[in-house]
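Quick notes on the structure that follows.
All chains are identified by letter, namely A, B, C and D, in their written order; residue positions are counted from 1 within each chain.
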Amino acid sequence: MREDLIFSYERENRAVVDDHVSGQGCSVYMDRTRLADAAAMMLEAGYALDDITLLDVSEGIQGQYRFTHWDKQDRVTIRTIAPHDEACFPSIAGVYPGADWHERENMDFYPVNYEDHPNPTPLLLPDDMAEEHPLEKREKDRVSYFDIVPGQKFIECDSDHMLCSCALNLHSAKKDEFPLRCIPELRFKQPDMPANMRLEVEDGDFYSKHFETTYSDDRLVLNMGPQHPSTHGVLRVVLELDGEYVIRAEPVLGYIHRMHEKMGEVKTFHQYLPNMGRVDYLHALAWNHAYCLAVEKLADIEVPRRAELIRVITNELNRLSSHLLWWGAYLLDLGAFTPIMYAFEDRERIMDLLQVITGSRLTYCYFVFGGVTCDVPGDFAERTRSIVHTLRDRLPMFTALVTENLILRKRVEDIGVIDPSMCRRYGATGPVLRGAGVAYDVRMNSPYSVYDELDFEIPVYDGHDAMSRYMVRMDEMAESIKIIEQALDLLDGADDGHIIKKAPNAGFTPPSGEAYAAVEGARGKIGVYVASDGGKKPYRVKLRAPGFSNLSLFAECAQGTLLADAVSILGSLDLVIPEIDR
Amino acid sequence: MMNFAAIPEPALRLVLCIVALAVFIGLNGLLLVYMERKIAGHIQRRPGPFEVGPHGVLTPVADALKLVGKQLVAPEGADKWLFWTAPILSFMPIFVLFLPIEFGPNLFGVETNLGLLLILAFAGFNVLALCLAGWGSNNKWGLLGAARAVSQSVAYEIPLLLTVLAVAFMTGTLDLGEITAMQGAWPWQWNVVTQPLAFVIFFTCAVAETNRAPFDVPEAESELTAGFHTEYSGMGFGLFFLAEYAEMIVVCSVATILFLGGWKGPFISGPWWFLVKMYALLTIMMWFRWTYPRVRFDQVLNICWKWFIPLALANLLLTAVLVKVF
Amino acid sequence: MTIKANIKQTPKPEAGFLGTLRDTAKGLWSLVVGLGVTGKYFTDKQVTVHYPRQTVKPVSLTGYRGHIELVGKPKNPGTARCILCMKCMRICPSGCISIKANVEKPPKPPQTEEPKEGQAPLTKRPEPAPKKGKKSLAKFELDYSLCSLCSLCVTHCPVHSLRHSEHVYWAEMDKKNLKLDLLARLKRSVEEKS
Amino acid sequence: MAPQNPLTPAVTTVDSAMIASAPVQKVVDLCRAMSLWPMTFGLACCAIEMMAAGMARFDMARFGAEVFRPSPRQSDLMIVAGTVSKKMAPAVVRLYEQMPAPKWVMALGNCAISGGPFKFKGQYGIIEGVDQLVPVDVYVPGCPPRPEGLLEGLFQIQEKITGRRWWPLPEGFEPSPAGPDSAEVRKPASGEPETGKEGS
């Protein structure tokens, strides 16, 4: 009965607007056969792909494709469902190349297939875990989708929203025109290649073997990572080199996959908080913030103004420390050893300050539902002011030592050209997108917290190259200082407590529902999707990591560059690998 | 060191000289390692080695002894013969390089009127060693590093030679002793005044020749892990390390002789002036390393072929004309 | 709403012959400027804290959370305030706290067990069900190697029986030593003081 | 990294020394302790604190340990800084095997010690403690540990090599957190105040 209902929703291509409830803009339910066309339409309309989430409910596996428009304040989710015994979706990687990784990730975690996927290999899990699907729910754990989203929350969209017409168009086409072939043995398909053309590889692991498909005498296949100084952790990039030129690059992920999404389902809402400090340990507070915002949206918690201000201040301090580390590490990639030392000097000061209130130096667990764990001490404002002043005074030194340096400029100018269309296709956000000349910042486009009361600029550079991304981050540091100072001024007037009176306690169970919250992290748009069935534990947590999308364009961006430039591009994307692998 | 000119027998003199040089290179290597780490530390506002011995002076000694005591590993599939030849080959020619250098009045190993040529010729050996190291270790990073090293060294030898030639034109000799002798004690009597461009080019090329930052592309840490010596452990790595520092000493010595008046200096000339000048140049080299980002590999070659060689040629031409005119 | 985007032009090398020349000159000068910056810092004061001889305490260690510790009662510092509500154990995300209680028969309040259990908390006991008899803390173990220092146990403790230690200089050669018996630690710290 | 069980531990056989004389051994050990070159090998959060320990404020260089070598062949100390996933495990083992003897391993942070916060029932992706793969010499707990913790770990490795602690104890240093049993073992044996194993 219910199953009928959910499938009927799809057949009718209903658009549902529930932004204020779940933070997802409008949701469109459609039949999975039409997905590829819908994606093409979305791309044409200028939407960028945020992420692809799967939700395992008793009706089947629901695919949620989240799109964002950069200019309109619009977030669209296309939802489609596939029954468990026929879990197969058409791949939209042909339209949005960024979907490639999202789909591969989903194939790792769920027993689903994506038809016509260009490269159906495991992404995050080791290749010998192909038969295990850790996020697949047991039969008895599954709940109905309507337990998560009660029927009354579906509000029909009667507007002339683009998607409604898009849905109508699709509806008018006959269903038979989009046949879906479900091939269960789709995974691990080796590309068809004549045997004599295949390079015989005796050693190397699954990924190297999978990578080396064509035969050529003068090509060198090189494994950069998982232990390599410039991959900032354990990213591995398989490179095909012709001399020093990169012919093909393929990042291999999963070396620090820490099961964050699985942990979301086995821990309670509170217990999941410390994980948020460890997804992206350089801008941990942004993840704290996104998760708390999502859960607060779910449980309809209003956060006191003072708490919001503290959140903004600490968040921006954290952004400063993250950018400082990036600056140093990037210069380290480019071969300068000293800048990172100067950057850490300032970073240490910021970390000392954050440590006073959060208790740790980088893996913060400071925000809780309804506020922050503790109020700032009395001398906090004064200390913060003096620290950001010191930093502001040092920024010109950074410019003199590095930004204007001839050698650096030659290393970053016109390197790693990423244009807006590429960002759209891959879903890149953050400084990568702003370095491509697109003014998109979650703080500006869909303001959260108290950002809309503050006066600051979103630096955007139109150069599309590594230099632009570099400049965006350098300018953002100055803007963060501005934000902090203004928020500190406002903090004196706000004395409604650092946390709501009846803060959720250990037995906290938010009502069932789903919520999505996005914040602007140092690396881009951080999105947290939480679905709850009314239990103590989240039913599903999806973390949309900006680095994941940003890295996915590396393969295209690095093609034809020099090895040294590839390193420079990797650095300019500002990667934190645990965030990508989650 | 002692006055070698007083010893008549060339053979004995040579043996003594090599022993003295070995000590000199070893001591200077340790000193340079210490100096580099201290300079790096101070530039980065930290003390650098500090606790091992007073102000950490024993740290390089500990490093050296540790490297000696390390297990030697040759990777599977490496050409063992080439693999172990390479570090030795990189270190051995260093002795020859030191022989004609005149550290003080009559303080040199071999008196030869082709000293400069000898140094330039044997400096080329190092490339061979790096090439063998990269090729022999059966490592892709090593191979890339070796390829970079070869093309860089070959390219930079040309402007180096051209600038040296300019000085040779002026002085009319290739004998390092004579070149020193033709310069005066005071800075304005040094060749650097008449050949400033040559000095700049020579010094930059010297930085590149010794694979020092910002031209350290063959061992670019963030790109090629450790470049040609990726697979070397223990003393194999130690020898490369030592050879690099020894070469730095050689190029700075040559620069001192060619452009800065060698052991001559104001007030009391002598070997101390030589050491002061040499160490000043070494300090500048280290200062470069801890300030600049690395130049990209193709840019390294571009700088050489498109800037240094034409400039050095022009300089040489001008020198030739001027020498002819005056 | 005063957030606005500021679209700027990325600095590019100047065009034309003269521009290139100017650019090159500026670039070369920038190299000298860079040397100047590092040269200046060379002579500057160092920022290093010479660790074992000096520590960053107290200013820069404020707030740092070490592993958790039990807090003794104000009057009886050798006994933990703990009321055995087990909230900390339940909320701990990594399950690093294990608590064992002694259940005694109601008629005999004085302790007959080992001395380290101390007195059963008699004053306020809102949480545990008192029907079965008095409970007293027999064991409070922390497997620090699992802890994520999230402070959830500390903030959720109803009687403030937990705090973070300042014990941050800690390294062990044996993994077993990372399991702490907090009750024994509390005892010891009291003994040391007296 | 051929397909193998991710839990295959590393091979730890070492050739015997060429010169086996006690005084030589002592000097060499001292040199080794004072020149522990770590490998540039960051895994996760703790890697940032490892970097912080190398930076100006804490400056590991003071103890001769700042030469972060990117190649395992030239390093003496592997600092496992972060969570070791099953996918990464073969690489960790391989890196350890690539290091020339004598070599030491420090497990930095709770993830490397035991899986830390990422250990839960039914976990599928991480190795619960790097000591299952490679022999660990010193454990530095914390999530992440402060850079001082890393320095203490370094001192302990030096102590393990040479048999004594070389540096004074910092102010407010707590000798035996684990309890009297372990303190017993740690009592300074030779009478010198800074000897023994109190650097826990």
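What we mean here is this: a residue touches a chain if its C-beta (ideal position, glycine included) is under 8 Å from a C-beta of that chain, and two chains touch if they have at least 3 such contacts.
Quick caveat, the model's predicted, so the values are computed rather than measured.
Trainee: Among all chains, whose Cα centre is located farthest from the one for subunit D?
Mentor: B
Trainee: Rounded to the nearest whole Å, what is the centre-to-centre distance of subunit A and subunit C, using the mean of the C-alpha atoms as each centre?
Mentor: 29
Trainee: Centre to centre, by mean C-alpha position, how many angstrom separate subunit A and subunit D?
Mentor: Inter-chain centre distance comes to 34 Å.
Trainee: Counting in whole Å, what is the centre-to-centre distance of subunit B and subunit C, each centre being its mean C-alpha position?
Mentor: 51
Trainee: List the centre-to-centre spacing of subunit B and subunit D in whole Å, with centres computed as mean CA coordinates.
Mentor: One centre to the other, that is 37 Å.
Trainee: I need the residues of subunit D touching at least two other chains; which ones are they?
Mentor: Residues 55-57, 59, 62, 70, 117, 120, 143, 146, 167 of subunit D touch two or more partner chains.
Trainee: Specify, in ascending order, the residues of subunit C that touch 2 or more different other chains.
Mentor: 31, 34, 37-38, 41, 46-48, 50, 56, 64, 93, 148-150
Trainee: Could you tell me which residues belong to subunit B and also touch two or more other chains?
Mentor: Within subunit B, residues 43-47, 50, 221, 225, 290-292 contact more than one other chain.
Trainee: Draw the chains as points, connect those that touch, then say whether the picture is a line, ring, star, complete or other.
Mentor: Contact map by chain: complete.
Trainee: What does subunit C use to touch subunit A in their complex?
Mentor: Against subunit A, subunit C makes touches at 1-13, 26-28, 30-31, 33-34, 36-38, 41, 47, 56, 59-60, 62-65, 87, 90-93, 148-152, 155-156, 164.
Trainee: For subunit D, which residues are in contact with subunit A within the complex?
Mentor: Result: residues 1-3, 6, 39-45, 47-49, 51-52, 55-57, 70, 72, 82-83, 85-88, 90-91, 95, 117-118, 120-126, 143-144, 146 of subunit D touch subunit A.
Trainee: Looking at the complex, which residues from subunit A come into contact with subunit D?
Mentor: 125-129, 132, 134, 203-206, 226-229, 232-234, 254-259, 262-263, 266-267, 274-275, 278, 281-282, 325, 340-341, 344-345, 347-348, 360-363, 577-578, 581
Trainee: For subunit B, which residues are in contact with subunit D within the complex?
Mentor: 37, 41, 44-52, 56, 58-59, 61-66, 69-73, 221, 225-226, 229-234, 237
Trainee: Give the list of subunit B residues in touch with subunit C in this complex.
Mentor: Within the complex, subunit B contacts subunit C at residues 39, 42-47, 50, 287-288, 290-292.
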